[in-house]
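One structure is given below, represented as structure tokens, and several questions about it will come after.
For reference, chains read A, B, C and D in written order, and residue numbers begin at 1 within each chain.
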Amino acid sequence: MHARKLRMALIGGGGAGFIGRVHAIAATLDHRAELVAGALSSDPAKGRAAAEAFGIDPARAYGSVDELLDREAGLPADQRVDFVSIATPNHTHFPIARAALQAGFHVVCDKPMTTSLADAERLRELVAETGRVFVLTHNYSGYPLVRQAREMIRQGELGEVFAVRASYLQGWLHGLDPDRPPARGAWKSDPDKAGPAGALGDIGTHAYQLARFTTGLLPAEVAATLRSFVCPQPLDDYGHVLLRFQHGAMGSLTTSQVTHGRLNDLTLEIDGTKGSLAWRQEAPNQLMLRRLGEPTQTYERNPNAAYTSPAGRAACRLPGGHPEAFFEAFANVYRDGFDAMLAHADGRPCDPLAADFPTVLDGWEGVAFIEQCVASSRANGAWLPLTAGDSRGTRPAS
Amino acid sequence: MHARKLRMALIGGGGAGFIGRVHAIAATLDHRAELVAGALSSDPAKGRAAAEAFGIDPARAYGSVDELLDREAGLPADQRVDFVSIATPNHTHFPIARAALQAGFHVVCDKPMTTSLADAERLRELVAETGRVFVLTHNYSGYPLVRQAREMIRQGELGEVFAVRASYLQGWLHGLDPDRPPARGAWKSDPDKAGPAGALGDIGTHAYQLARFTTGLLPAEVAATLRSFVCPQPLDDYGHVLLRFQHGAMGSLTTSQVTHGRLNDLTLEIDGTKGSLAWRQEAPNQLMLRRLGEPTQTYERNPNAAYTSPAGRAACRLPGGHPEAFFEAFANVYRDGFDAMLAHADGRPCDPLAADFPTVLDGWEGVAFIEQCVASSRANGAWLPLTAGDSRGTRPAS
Amino acid sequence: MHARKLRMALIGGGGAGFIGRVHAIAATLDHRAELVAGALSSDPAKGRAAAEAFGIDPARAYGSVDELLDREAGLPADQRVDFVSIATPNHTHFPIARAALQAGFHVVCDKPMTTSLADAERLRELVAETGRVFVLTHNYSGYPLVRQAREMIRQGELGEVFAVRASYLQGWLHGLDPDRPPARGAWKSDPDKAGPAGALGDIGTHAYQLARFTTGLLPAEVAATLRSFVCPQPLDDYGHVLLRFQHGAMGSLTTSQVTHGRLNDLTLEIDGTKGSLAWRQEAPNQLMLRRLGEPTQTYERNPNAAYTSPAGRAACRLPGGHPEAFFEAFANVYRDGFDAMLAHADGRPCDPLAADFPTVLDGWEGVAFIEQCVASSRANGAWLPLTAGDSRGTRPAS
Amino acid sequence: MHARKLRMALIGGGGAGFIGRVHAIAATLDHRAELVAGALSSDPAKGRAAAEAFGIDPARAYGSVDELLDREAGLPADQRVDFVSIATPNHTHFPIARAALQAGFHVVCDKPMTTSLADAERLRELVAETGRVFVLTHNYSGYPLVRQAREMIRQGELGEVFAVRASYLQGWLHGLDPDRPPARGAWKSDPDKAGPAGALGDIGTHAYQLARFTTGLLPAEVAATLRSFVCPQPLDDYGHVLLRFQHGAMGSLTTSQVTHGRLNDLTLEIDGTKGSLAWRQEAPNQLMLRRLGEPTQTYERNPNAAYTSPAGRAACRLPGGHPEAFFEAFANVYRDGFDAMLAHADGRPCDPLAADFPTVLDGWEGVAFIEQCVASSRANGAWLPLTAGDSRGTRPAS
């Protein structure tokens, strides 16, 4: 069925965080890829030591990204890695992704893609130039019912979408001790590493992408009010963002990493002229459809139900009632990337800027979103223009 | 125990709406009042005809408010009504309340209190002058767990409150046929009757009052973006409001009467430095307390539980698990008013501007809130000052 | 609309329990009755003292049931009470109800109706003889969505019902101190007062009635396993009951008053060949309908929705989203009784054994259920025959 | 960290079912095993064709189980598979498992383990004789919060457990067309392949194992009432099972594959003298702890929370709020098996009958449970003795 397993190199993941491990599991869940190389830490010794836990052959456990790219590029085509997955702090995404693309590898990259729009722009150009696949791990877009929601909206089941509300609440910043460095996540509070935004960049970009991904609405203006209530550094840990989309629809995003006891509480609500949808990441196997005067419909993630859309069905691995969750959604984003990489390898059409999964354009949009939100907040919440990446014509508002 | 039943007159309630019936049931639920008189419609014949269904003696079923006030004022003290409850469209609240206060009656009034701040100011003055009890039916503040939330915050259980989010979603406006008058609620879409705001006045004022009531935070500034997506008249049916409270706390309110399938979905989330709370009106018997690293605590409305605060306990009529709901919460607001009326009757201290239940000051605040939101929205969401009624010193932020 | 208010006498309610207060509120919620007399305690002084809190004129606050019946019977027809509500410990239900019926009054009685089937049989005969209305307060049958469920089943929306599961879990017995008498509910653990069953009689009869009421299934056999894990007296506090209905359907009931932290957790699940229903008393405003391959449908208690059945609609007082709860359900049972009492007063047809609300027949069934369960449990869970009251022909299985 | 990847052979999985794929994903999720061989179908051609989709080298895609065992046993020790996973219809479990054990392989086997107790007994003996690891995939015991529940009970947090209730509801049998063979699952309705029980064997054994696993209670007697409401064959599709445990605790199990719209609705409720627990497989990241008079505690699957027990923490791969689900729970059972297999390989102590994960003893218990339930149901629900496997002394009731 799948001609060969793609070969993966992991950048980062050797520290205390969990996201490197997520990449390793998600990428290989369907046995379509194998993790064969890594530069798992900025500390070469640490990186090499971590390789064993990832099952990486010591010979391909590199001490640095440069070494990895250089050595892998020198391997025969049937041995060298096909793609690198970047699971490092934000400020390193750009140089690593740039180098990987220039070395001819496909790239899978965490968000936010870069810490400046100029860098994001450069990556967009590089992807266009190299034609390499670029996957941005907006993993929440991989949930089957998120894809079902998008498809329902595209099919007009909600009528015209006029409002979208996303809320992303966490509380972990209350656990930071200002007097000592945290075991992990420390860089998220450090502007030099995280970029110009805190919670907004870390989780707000997911919420924004999810709103864009599902509704297809094109942004026009943004107004933001960001606050730092608990964060020991001058980065936002709480914020309200309002959006004006083209043709009049409204959006709102709430981000918090200081709401006690919330874990990863991402919710999405979409209002259309014919119905409304609600979804919550922590209960991802249900999607609520409401229409005035009708019973609330709870759609289950259920590949065998007639109400499940083709895209929703394709994103499932298990029957309904056998819950799927975070790893599988993450794996779905990888899976889409793999299809594109194989198409590229086979010489089939594969425009990395026209893909249906999160790409460098989503990355560009996320960085543009951050920059305008930060600017708006500094301007006392003034409305500032916000534009979409140019591929968005492929996702027209329904 | 209760020396005597208070005598109630109902203004409005004879039409297709349900709120007049709610007043009649809530006010008498505890047998502390009896409904003895009414002017149930602006149409005298209709009003008299409706009286029977309310069990009102035809002799006291009046054709107009003026007639009611005049005739009742002329009755002996042991027969005439003690208070009038105003359940009429917004634009009539002011003249009726003013006349009732001037005639010496206590007043229970629906929200928003008036359609202009000048009128609200006048009522505040009148209450101060007459010393009559004035209850504004912000009925959601009567829920036992809302009162528990307030008491927990006052006791410092959340630490310092730095954010409050309220959301109030309905969808009924999708049911309006633009080509024919609706059976009920028509006036809510008519600026001449509803006042300057639509959903914001109808439900947003509840959400604002609830945020103020529970947190005790004092407002400083407001920014609003209001929209009319479905409403056939030029009133808002959807909106986002941001609040800056004194000392830096943030607030957000979302109002919608155009979210398909939502019925009366009022939610409240409060963030403090030591914990966060969440409550939902449609499941009012549970209150969620969250703290980082601890299990989520679900407080039940349960007068027998040690965790229930005195105010929460006092607001209960049934043991836990025997759910209480809308009527009982509404009745709790009445009950507080009755205590004040009896204190007034007995010559005990009773400052109608210092009461712990929603008063003319809440009414004033609601109207000020509406006016500044509408002004802000017209000014492209600019921040405008927002002030509290002057009694708010009695509700300091914890 | 309603020609006159019915006059109510309350028996019991003067102690620490809450059910007397529930009767007083529920019966008068719609202003169709007024509480005018009472014998509120077996202790005359205590009963008279309690009368004031209930708003009962001291002149009609009687020291005993006999006094009440005697004196009220002697009053002119336009003054004497129409009905007596019996809110006393189980063992007194029979003598009070018998005396009230014989004195010509309608009766509203708590469950279980009697402590022996012989007594239940005698009451059934008395109701037939006197023609007086007899309402058994199986209050959970008054919830709008319970009535909707019954109507949906009658209409065949579930196809043929083949299974029903009820579970009724409480935990309050863990709070009893075996070394001291409890403030209230003590009699529930005393076989002399509670009858032959503990939890089974107190809550199991509700669950059984609800299963019978909604499905209309006619019982054939029962097998029970009862336990006493915590109860200081030899009464069951935990039990499993299986039912075989006529034509092959199965039923199961679980009762517990020793499940820590459960308050009043009554759930009902019904399986039919075309769909299944689920309802939970602590969230009574929602009813779930499931069909294979379709989204779960959440029916809201919503009088304005087209999906609401006439019986469901008639049981509502508020629009959807404005939750109704325990009192209103209880009041619905009273309301049905009032209709019958007024029909009786007007000489309209009123067969007290053919009514659509819980009657003496439900009471008889409940006692029969208790006796056979206790007998089965003593016989090591053997299947024993179980019969329906003879009115059940009016509730055919769909 | 992990010395080497274990080599896996998969038996079955080449048909329309999903469980073979689940084994393939779960076993390799943590990169501790690799799928290298398979006999994926009883149809050799079909089995070989399916191998590619599983990434199995055609050279090790065998046409039959015998061929697989024979050929693998002949490979050098550093190439041949370590274990075989059996994902075939019930009636084939025994011969395959027996042959695999006899050939020296570890075994991972679906439930129910065999279709007769004699066969189960034989497998138990074989495991004792061969010393090979035998894992029964009672995958629900792999959920982190199920393990947390077990550990809480072992620690005495619930006091003495006196009751356990499990319910396992599905509805898929309504989708079977009696006139044509189903695409998959057909054998589940065929007594020759499924064994003496239908739903009871397919899902009831999971529920029983879960009750045993979490509470550690030792069974004494069982009474069952099984029905076939929809199943086209004479196997149960609905049933109620009561359990008497040693020392007096009660248990109840409800199984249904004919409850419309239920997907895989397995719930567990446990009552102790100090608290009660509730868990639901379809929302597996939450566990509810209730104590009289205290707020309900919702434990999240959260490795970073202090309230999480060591066993719960060890079973997590992601932070709280990043939901884990079916695959990861399944993988946890594999993980435990891998530890034992590696211990075996290293010559460390490894008693396959004393393991803390589901073993051949759970399999034996499940088959004994089925046989006694079927016998009881045929004897009109009589109580019959039920015994535990002999390792259960390692799981004392708390």
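In the analysis below, a contact is a pair of C-beta atoms (placed from the backbone, for glycine too) under 8 Å apart; a residue touches a chain by one contact, two chains touch by 3 or more.
Since we're looking at a predicted model, the values are computed, not measured.
Chemist: Considering only mean CA positions as chain centres, point out the chain farthest from chain D.
Modeler: B
Chemist: Test of understanding: which option in A-B, B-C or C-D shares over half of the contact pairs of A-D, residue numbers taken as the match?
Modeler: Copy of the A-D interface among the listed pairs: B-C.
Chemist: Report, in whole Å, the distance between the mean C-alpha point of chain C and the mean C-alpha point of chain D.
Modeler: 43
Chemist: Distance-wise, how many Å sit between the C-alpha centres of chain B and chain D, to the nearest whole number?
Modeler: Result: the chain centres lie 55 Å from each other.
Chemist: Which whole number of Å gives the spacing of the CA centres of chain B and chain C?
Modeler: 35
Chemist: Name the residues of chain B that each touch 2 or more other chains.
Modeler: Residues 262, 289, 293-294, 296, 300.
Chemist: Write out the stretch or stretches of chain A touching chain D in their complex.
Modeler: Interface residues on the chain A side: 1-2, 5, 18, 21-22, 24-25, 28-31, 35, 52-55, 170, 262-265, 281-285, 300, 302, 317-328.
Chemist: Sort out for me which residues of chain A touch chain C in the complex.
Modeler: Residues in contact with chain C: 289, 293-300, 304-307.
Chemist: Touching residues of chain B toward chain A in the complex: what are they?
Modeler: For chain B paired with chain A, touching residues are 162-163, 165, 171-172, 174-175, 223, 225, 227, 229-230, 238, 240, 242, 248, 250, 252, 254, 256, 258-262, 269, 271-276, 289-294, 296, 380-381, 383.
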